[in-house]
Each structure stands twice: as structure tokens, then as C-alpha cells.
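Chain IDs A, B, C, D, E and F follow the sequence of writing; residue 1 opens each chain.
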Amino acid sequence: MENKFTHIGEKNQPKMVNVGDKKITKRQATAKALMFLGSEIISHFNNEELVTKKGPVFQTAIIAGIQAVKKTSELIPMCHPLLINGVDIDIDILDKEHIEILCTVSIEGKTGVEMEALTGANIAALTVYDMCKSISQKMVIKEVKLLEKSGGKSDIKNG
Amino acid sequence: MENKFTHIGEKNQPKMVNVGDKKITKRQATAKALMFLGSEIISHFNNEELVTKKGPVFQTAIIAGIQAVKKTSELIPMCHPLLINGVDIDIDILDKEHIEILCTVSIEGKTGVEMEALTGANIAALTVYDMCKSISQKMVIKEVKLLEKSGGKSDIKNG
Amino acid sequence: MENKFTHIGEKNQPKMVNVGDKKITKRQATAKALMFLGSEIISHFNNEELVTKKGPVFQTAIIAGIQAVKKTSELIPMCHPLLINGVDIDIDILDKEHIEILCTVSIEGKTGVEMEALTGANIAALTVYDMCKSISQKMVIKEVKLLEKSGGKSDIKNG
Amino acid sequence: MENKFTHIGEKNQPKMVNVGDKKITKRQATAKALMFLGSEIISHFNNEELVTKKGPVFQTAIIAGIQAVKKTSELIPMCHPLLINGVDIDIDILDKEHIEILCTVSIEGKTGVEMEALTGANIAALTVYDMCKSISQKMVIKEVKLLEKSGGKSDIKNG
Amino acid sequence: MENKFTHIGEKNQPKMVNVGDKKITKRQATAKALMFLGSEIISHFNNEELVTKKGPVFQTAIIAGIQAVKKTSELIPMCHPLLINGVDIDIDILDKEHIEILCTVSIEGKTGVEMEALTGANIAALTVYDMCKSISQKMVIKEVKLLEKSGGKSDIKNG
Amino acid sequence: MENKFTHIGEKNQPKMVNVGDKKITKRQATAKALMFLGSEIISHFNNEELVTKKGPVFQTAIIAGIQAVKKTSELIPMCHPLLINGVDIDIDILDKEHIEILCTVSIEGKTGVEMEALTGANIAALTVYDMCKSISQKMVIKEVKLLEKSGGKSDIKNG
């Protein structure tokens, strides 16, 4: 069987695939994390008080996610270091129990940024968890996936 | 409403809660990540060949997860630095489409290690994604949650 | 002349002084950074609009400062790694041109945390600079100093 | 009021501004840190002894500053990762109580390097503080500012 | 005597040499580490058992080496940050007592990657040491050197 | 055959061995790196000039080594994070071609610090290489080994 795992070498050992011959193009990827927080936690973001907890929780998560995007090649062993052009993380309250995190990453480089987008969405989700865990630990990250990527050999749209 | 968010201060700003008065106890936490890989990817781990791709994929993920556990306080802004005593990550093929990752972390310290266990399981899952993404990008992390923690003020068992 | 530089060895080379024989005590330190932003930038924090820029600027700075406290031993070559118990960073608008950043760090350990408090205050100040530099680059960090430390061999109060 | 804060998005949340459309040019920035050490500490750098403490203190600070320049995008949340071309840090004894640190950073990239120069000067100053704090803790960083930058849309000269 | 030390400035202080005027070319370097493990440790890699310890030991070392390549500019103070294109680490059992580690690094950039290749080989060797030290601590790294580099001003071949 | 590899689990996968039941004791380890620089490089350290290159080369190496000691658990995947008490690195010119680097690390903890001492000696050696490579790339790290460790279950003296 042909080896389609680009990060695995002839001796079946991990290797960082050589992207030296790939072209530098503008690339972008968006990942999504759907997260169950439960009604008690969400109530602290929506309540009638002047000052809700939404601000510090979401901003801490956004900042942590942006910083994680820049750390992706340190966290995922075979990822190439990249010069990120921009990161945008958006967190929305979907309903009385769930939030959705979207992370979009842009570069001009030789490899896609799907791992960067996924890492940013994930660490933002974990940071929301950390900020809210004194209320409840029933939280669940329910879905993390790549929504779309563009600019590489083939575009992907996972709707 | 009383502020139950321990990482948020009086002025509604993030702060790293002071754990100076908490006791040092042996603590442990286990997190789980369930991941859809799809049948094509899983077939490369189970096939009849002498040398499957399971080895390099799972070991790279386990090592990445262990290293991420040690980086938790760098990734999650309000997490305290901790002296990890041990980490054990186990990856199992659940069926023809899914894998399950369990990450157990032990310390002797003043705070729980649920964030460390969750971070280890998450980064291991993202590393599996990275190692397999040249085959398919339909992978989805379908559930990440805390299974249990012990050794703190109150034990948790999320079954 | 007797060598009072504890981080310099007999051969006049830097060394990380051995604190093995020092006692573990609760220690705390507070550092202050005074910063000139100028009236144009400050006006964006105080204006009549419903949504000022104060929130995202100050929170980003607070989070960056807290994370920098945890990175102190990586940034300052002879600093010992420490298990931080808590960090609290507070930013106040002093007048129409200045802000003041206070950073308090607590540990239970063998060395003081003045470097951690100073690093936190400094990086918070630099982050305010970064967040506001699209408005003006006339900002100046005008004073960074240790305000007080306690819990070591001798307390300091620089009032 | 128009949003001139490039690192803040439409929802008033921090974001890493997309520099994808900016041109790659040679850019340079110089930052200055003025620091009060006091006469006792300075006397150890200037005395008649053959071997002064100036060597190990200043070199440790220079090296820490250079390494901090490379870490800027890790420390300041919205800073872009950059490929630094060169760093030069110079420390001078101004008079019997003060030193001045100049940090010049060069790149070829899409964003300016003023944050890198400021971070290098700052961490060098904090390292001097750490190396000398066994003598006195009355040290004060008295002024940190951008001296000049060139190569971007508009040059700055703060004299 | 002319100063041929490019990382040392006019005042005899370390500086990160400015490579701004060098050309971006494809560059590659290979380093070698020869390591004595002793017959007991090697026997665990070669024995008749179905499952030898070679897999987890060598893979952990390869992954650690690849990650260290990406960290070179953080570890070696005057090294420039680089965008690594690819890394390949190969470990061979030379005889009943020795292994050889080869680390090849490729980039497209302004400086050579010999330090990256040497760092990767070295940290892979240290990781083998760590994985085997519960068996014996008589291990010795016996030779680490640059084998060859190409793509810069002058190629090197150290045979 | 009994599994004596403490960092390898039942399923032959790497794991970070749990040291939760080990005692906290004062521990120390010393590692040595012997390095061939060649006569041309050494001549720059010994010459008759008032200002030799020995200062900046050796100090940069010592500082890099000390910082690497603190990064050991980040570099070697199964190493536990530790609170280092002290680090002392000494570099000596052995003869007209060689230098010797000794790195001694002290902690109070549950695991030995041999990996920390070896990492410090290694990175110091690589930094000497980097600082001198503009003169010659014939340098070779000829021997890296543990000299002695004490404070654990059994002391080691490799003389």
C-alpha cells in the first residue's frame, strides 16, 4: 500500500515533511468548536446585571486562542513554523446552554493553516472551561472541526 | 449575585486566583477525547500489513499530549504552574471509524489537574489530526470532557 | 572588595545562586509601572460612548502580564523557576494622560518574587503600548519600580 | 467615533490585525531604557579593581534582551511572529547613578519592530535589576520609549 | 587582529549579527551524533521478543529532536529564528554497543541551518539517554559534529 | 523479560513515569562536555591582546546552558518539571585545542537532575559552537557524560 501519510518516513518513523518545493500562497482556514456550558454558566453571561461575566471570560479565551495559534508548531510535533498574518476568534452564545467558537487564521506560506485554526479554537474552548469550572465541571467540548480552508492545492469546505 | 468565578476579580477583570491557603494533596484527573477519523484512516491502523501506521501516529500523539500537559499553565492564562508527578495517555481504536484518547495526570499540589488532563487529551487528538490529514480532513473531535478527578475539596465523577 | 553579587561566581561569570538552604516561606511582592499615554489615547477610554476601548486594552494587558509573571524564569536568565500561587494586576487611569499598573505576585517558596512582579507590570505596560500604538507612538513608560515585598529575610517598602 | 485601534475588532474584542496586504520592507526600530541604579551599584562597575562586575552584569542583560526580542510575539498577545534579521543592544554608564540601554532591531517583514525593540530594552533592564538586586532594591526604570523607527508607512523620530 | 567572530560586536559584547543583506537560498545541513549505549541497553532493541523497546525509545527521540530543531533560536542565544522547511532524523544501531543519529534540516532562508541540525541530533541523543537511563547511566555521547552543509556562501563536507 | 524501561508503559508506549511516591530529597548531578575547537579558535581566547574573545563566548555559553537547564522538561519529552535550586557552569581551556564544560545542577525534589546537567552542558557546548563557527566548522563535541549524581536511591560516580 502506498504511503499517503506525509509525516511518516520510509522506516515508518515520524518526520517533518519537506515543503521546500511548495509555492508560497495566501492561505486561510477556519475551525469551529461547539461547546456545552449548561444553563447555569450561560445565565451569568446573559443576566440583567450591568456587568456580566461574559466580558472577562470571552476575552481571556480569545487572547489564549490567538496566542495558541502562534504556538501551534510547538504543540503539534510535525507542524511547520509559520509567519501568521492574522487571527480572528469569535465566540457566540448559541442558546441557553451552548457557545460556538470560530477561529480564522491567515498566512502567506507554503503550508495550510488548518492545524493553527483548530488549535486556536480548541485552546479558546479550554480557556472558557477553565474560567467557568468553579461553577460546574459538566462542560463538554462537543464538536471541533475544520469548516473551510483555501489557498492551497485544493480548497476544502466542510460546511 | 455573588461572584462564583474564581478567576475574575472585583473589577470584573481576569486574575489568577490565590491558592496560597489551599492544602497540598495528591490529586489526579482523567479526561477523555472521542474522535471520528473515518474508515479510510482507521483502515491504515488495522490492516494486514506487517507494519501499520498506528505506531508512528499514536506515539507522536501520546508524546505531544504529554508535553502539552506540562505546558498547560502557558496555554491557559489563569492556570497555575504545577509540578506534574506523572502522565499516562492511552489511545484505543473504538470501532471502524472512531478512536478514544484517555489522559490521566497526577500531581501533589494545591490545585486540581483537570485542565492539564483536558489539554493533554486535546493536543493528542489534534496531533492525530495532523498526522492523518493528508488522507482526509473530515475528522471531527466529537467529545472532550472530564471523566473524573480526585484529591481536591470534592471529587468528581462524570461517568 | 567582597562579592555581594549573588548571581556572579568566583571566576566573575554569571551563575544561578543556589537557594537550596533557604527556607520555604509565603512571599509577596508588588511592582508599579507608571505610563504616559497622552490625552488622545486616554480619551478613548473615558468617552461618552457606550462601548469604550478600555475593556479590550486593559484586559489584554492584564492577561499578558499574568502570563509574563509565569515566564519570568525564562526571560531573566538567573531567575529560579517558581510555583506562583496567585497574580493580581490592576490598571488605573490616573489622569487625562497617565495610567498606573500594579502587579502583585504571591508564592510559597525559597526566593522572593520581586522579579516576577516587575516583569508582570512591565509586560502589561508594553501590551498597553502595543494595543494603542496605532493611535500614537509618543507613549512612555515613565517609572517601573518595586513598591514592596514581604516574606523573605528582610521586608522592603519603597512606598 | 471611528475605530483606530487596529488590534480591536468590530465586537470590541482583541484580534490580531491581518497584515496580509502590507508590503515586505526592510524595517528597523530603536528603543531606549534609562535606569537609575544608584551610586553603590555603579561603583562596582567603575572601580579600580582589575575585574569589575560590569562584564557579567551587562553581558547577561544583553543576552537576555536579545532572546526577549525573539520572544516578543509570545509575550505581547497581538504581536505577529517575525523573522528577526539582527539585534544590537548597547548599555552605557551615563553618570554615577544611571545607565542607558539602547536596543536596535532589524527585519524584513510586514510589520514594524518597535514592540521588539521595546521588549528587548525592557528585559535587558529587568535583567540588570536582577543581577544587582542583592546590592540594593532602590533601582528604578525611569524611562522606556521608542527612539526611532524606519521602513514602514511612516517613519518616526522621537528624539 | 581583525574580528572574525560575527556574533561579537565592537565593544566585545555578544550581538545577533545582521543578516539583512544576505540572500534567501535553499539551504540544508546534516549533523551526526554517535552514542555509546552499552550492550545491555542495545540488547533490549535487538532481542527475540516480539515487541522490542526500540520503537518507543527511537520514536520519542526522533520527535524530541524534530521539536528541538524548531526551538534552536530559543536555545542558542545568537541564532536567528527560521522557517524550517523539513526535518528528517534517522537512528541506526551501529553495533552491539553504539547507535548513530543523523539529523538533516532544510530551509529557504538567509542563514545556514547547521546549528539546527546539531541541536536536533543532540536533543535526540539526550532523549535516548533519558529513555534508557533506568537501565544504565554509563551512556556517553561520543561525537557530535556537522557532516555537511550546502546552499550558503560556501559548502562544507566534513566527511 | 521484565520491563526495566520506566518511561515505557504496558502497551509499549512512552509514558511519564509517576514519581508521586518518591521522597523529596536534595539531589545534585554534574555532567561534562569535552569539545574540540582547534588551535585557531583557541588562539583567540589566549592571545596577547588586552581584550580576548573568551569573555563573550564563554559567558554566552554559560547563560545559554543555565537557561537550557530550566527548559529540560520542555526538551526531553518524559522529563518531569522541577524547581531548580541552583546551576553552576564552568568552562576551562584544557589545552591548545580543547575546552571542557562542567555543569552542576541542584534541586530538592523527587527525581534526579542528571538530564538537566547533561542538557546544560550540551547546550553550552552548542553555543560555543555557534559563537565560533564563523572561524571554523571543524569543531566536534567529543564526549558528553554524567560525572556524578547524589541524593537519590543510589549515587553514581562515573569518574
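Keep in mind that, in the parts below, contacts are C-beta pairs under 8 Å (C-beta built on N, C-alpha and C of every residue); 3 or more make two chains touch, one makes a residue touch a chain.
This structure is a prediction, so every number in the text was calculated from the model and none was measured.
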{"item": "Set of chains whose contacts include both chain E and chain A", "value": "B, D"}
{"item": "Proportion of interface numbers common to chain E and chain F (over half same, under half different)", "value": "same"}
{"item": "D-F compared against A-D, more contacting pairs", "value": "A-D"}
{"item": "Chain B and chain C: spacing of chain centres that average the CA atoms, whole Å", "value": "31"}
{"item": "Inter-centroid spacing, chain D versus chain C (mean Cα positions, whole Å)", "value": "15"}
{"item": "Touching two or more other chains - residues of chain E", "value": "13-14, 55-56, 59-60, 63-64, 67, 71, 74, 77-78, 81-83"}
{"item": "Topology of the chain contact graph, where touching chains are joined (line, ring, star, complete, other)", "value": "other"}
{"item": "Pairs of chains found to touch, sorted by chain label", "value": "A-B, A-C, A-D, A-E, B-C, B-E, B-F, C-D, C-F, D-E, D-F, E-F"}
{"item": "Chain F contact footprint on chain B (complex, rising order)", "value": "26, 58-59, 62-63, 66-67, 69-71, 81-90, 106-108"}
{"item": "Parts of chain C lying in touch with chain A, wherever the complex brings them together", "value": "55-56, 59-60, 63-64, 67"}
{"item": "Interface residues, chain F side, partner chain E - complex", "value": "1, 4-8, 12-14, 44, 47, 49, 51, 53, 55-57, 59-60, 63-64, 67-68, 71, 74-79, 114-115, 118-119, 122-123, 125-127, 129-135, 137-146, 149, 156, 158"}
{"item": "Residue ranges of chain C touching chain F (in the complex, touch as defined)", "value": "9, 11, 13-20, 73-74, 77-78, 80-83, 109-110"}
